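Naming follows writing order (A, B and C), and every chain is counted from residue 1.
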Amino acid sequence: MTAGAYEIKLDIFEGPLDLLLYLIRKNEVDIYDIPIALITRQYMKYIEAMKSLNLDLAGEYLVLAATLTHIKSRMLLPVSEEDEKEGDVDPREELVKQLLEYKTFKEAALGLDRMNILGRDVFGRDHAGEELEKEEQTLREIGIFELVEAFRRISLDIGQKDLMEIDAEKMSLSDRINDIVDELERRGELTFTDLLEDTGNRKRLIYTFLAILELVKLRIIKAYQAIPYGTIRICLARK
Amino acid sequence: MDNLKAIIEALIFVSDVPVTSSRIEGVLEDVKEKEISFAINDLIREYEERSGGIFLKEVAGGYQFRTGEAVGSWVQKLKGQKQASLSPAAMETLAVVAYRQPVMRSEVEKVRGVDISGTLRGLLEKNLIRIVGRKDVPGRPMIYGTTGKFLETFGLKTLSDLPTLREFKELGE
Amino acid sequence: MDNLKAIIEALIFVSDVPVTSSRIEGVLEDVKEKEISFAINDLIREYEERSGGIFLKEVAGGYQFRTGEAVGSWVQKLKGQKQASLSPAAMETLAVVAYRQPVMRSEVEKVRGVDISGTLRGLLEKNLIRIVGRKDVPGRPMIYGTTGKFLETFGLKTLSDLPTLREFKELGE
């Protein structure tokens, strides 16, 4: 076959597994007993066709090519005694399992596509032109995606580098700060030991300590002692 | 038509999202839950029997008026531009998320055998899937699940209305 | 119901503005004007006789489904409880507070480049953010952070479940 014969097919595959399924169907072979030499040869021809067309070949296609070649070489080897002991595993087993799973989900995707999709097969009322109510009393569930998207939007506008990376540690510290403020709002006053005692692990202990320091620095909480070396009491500063 | 049914019909009609029975109960304070559910079922049946252009359907845990399948192509014609459907790649990612949820990105990629960042983002933007949290393993990867909008879009009452994966397995063999 | 009436019913139903008969004629190319007008009048009469929650009305030179007057107050009540989303501006302010907390108003304004008093008040009223204290600098500006309601609204267990921008970028742009 020439490169042109493969060309038309290239963009209809959703990935290497899809291409492999296509080859199995085309050759009318049993998925549980794939003639690996034949399928590998055809698979490679597709890869070469893609390369010769200078298509941006996704790395996943090459990974599967390597897997196929590896299986092929293992199948050519005589079964050694060691393999016998290990229960004589078919080198194709793992790949077949993966293919079957992918096939199931491909069918499931087609199943979803056959459903009556709102906006394609069935339609609801268009509410766009209707006036929006001003009163906003309850909030609907909002996806985090919308929030991050908003943050990303402004970070791009500003282009500030320090805005770009917020690590989990900062958020963990914010969590602890919020917990402590919550606890103080509920109970009015806590001792330093109260706060440090209920910390299960070392990491949490450090966050608790850093949170208290941050809160004192920001003057969100006040810490005081009645006598030197006495109990340190903590309360909210704004009350 | 009795008054209760008329009110419920109007409430469902004016809403842009499926109306849950608890929202209807919230408006009709003094009416018993059972009466409301009877009235809704009556309405659903009446529209079904009438077999006109619109139907009352139970979707995503609520109720919504929708056009019938038979007239879909005419509505499409009125609306002009063809609605962008999901690409096969996006549909595959959606299928894995729907059936495997809560699921990590890496798990979906393992099944599909490809990088899914593009389709994942598209589905998040369309609000068909959402981040539901993080998995408690090293690196705390994000986990994904489907949304109410997903149920609404595919006309499902709940996730358990999805055909079982077994059905597709048999299809494939 | 005959097919023509069903199609017309669906066409009028899906539109948010009154649908003129000429638009309907444009969709149903081969159908005579007279047949269409008969079908519409039939539909109007049927909804009138049925006396339910919705009616087909001729308004502003076109046709539109509307709720009946008798159920108006109930519709108003539902709309009063309308569930709203946040405006993009409010979402941006919330995002900066969430990721930068504990944060001063001036810091948020520096990032967003606009005055945020309006969105800040709105978020405080919705109980999504709160004042956690005052900073010990001249003027003692207030410091803001998110609330438990914030976590609930976004379905998060803790703040550290928020995706980092790095993770977000991995989804591709």
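The definition used in the following text is that a contact is a pair of C-beta atoms (placed from the backbone, for glycine too) under 8 Å apart; a residue touches a chain by one contact, two chains touch by 3 or more.
Keep in mind it's a predicted model, so treat the numbers as computed, not measured.
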- Query: Going by CA means, which chain is nearest the middle of everything shown?
  - Reply: B
- Message: Based on mean C-alpha positions, I'd like to know which chain lies farthest from chain A.
- Response: C
- Task: List the centre-to-centre spacing of chain A and chain C in whole Å, with centres computed as mean CA coordinates.
- Result: 29
- Averaged over CA atoms, how far is the centre of chain A from the centre of chain B? Could you give it in whole Å? 23
- Could you give the separation in Å between the centres of chain B and chain C, each centre being the mean of its C-alpha atoms? 18
- Message: Counting only residues that touch at least two other chains, what does the list for chain B look like?
- Response: 13, 65, 67-68, 75, 79, 124, 130-131, 140
- Query: Which chain A residues reach two or more other chains?
  - Reply: 123-125, 127, 141, 143-144, 168
- In their complex, what parts of chain C are in touch with chain B? 1, 3, 5-11, 13-15, 23, 27-28, 50-54, 65, 67-68, 70-71, 74-75, 77-79, 81, 83, 155-157, 160-161, 163, 167, 170-173
- Note on the structure: Per the touch rule above, chain A residues touching chain B in the complex are 14-18, 58, 60, 64, 98, 100-113, 115-125, 127, 141, 143-145, 168
- Task: Quick one: which bits of chain C touch chain A in the complex? Just the residue numbers, please.
- Result: 10, 13-17, 79-86, 88, 91-92, 94-96, 98-102, 111-113, 126, 128, 131-136, 140, 143, 145-148, 153-156, 158-160, 162-166, 168
- Task: Using the touch definition up top, name the residues of chain B that touch chain A in the complex.
- Result: 13, 16, 64-69, 72, 75-76, 79, 83, 85-86, 88-89, 91-92, 94-96, 98-99, 110-115, 124-125, 127, 130-131, 140, 147-148, 152-155, 163, 165, 167-169, 171-172
- Residues of chain A defined as touching chain C within the complex: 123-130, 133, 135-144, 146-148, 150-155, 157-158, 160, 163-168, 171-172, 174-175, 177-178, 181-182, 214-215, 217-221, 236-238
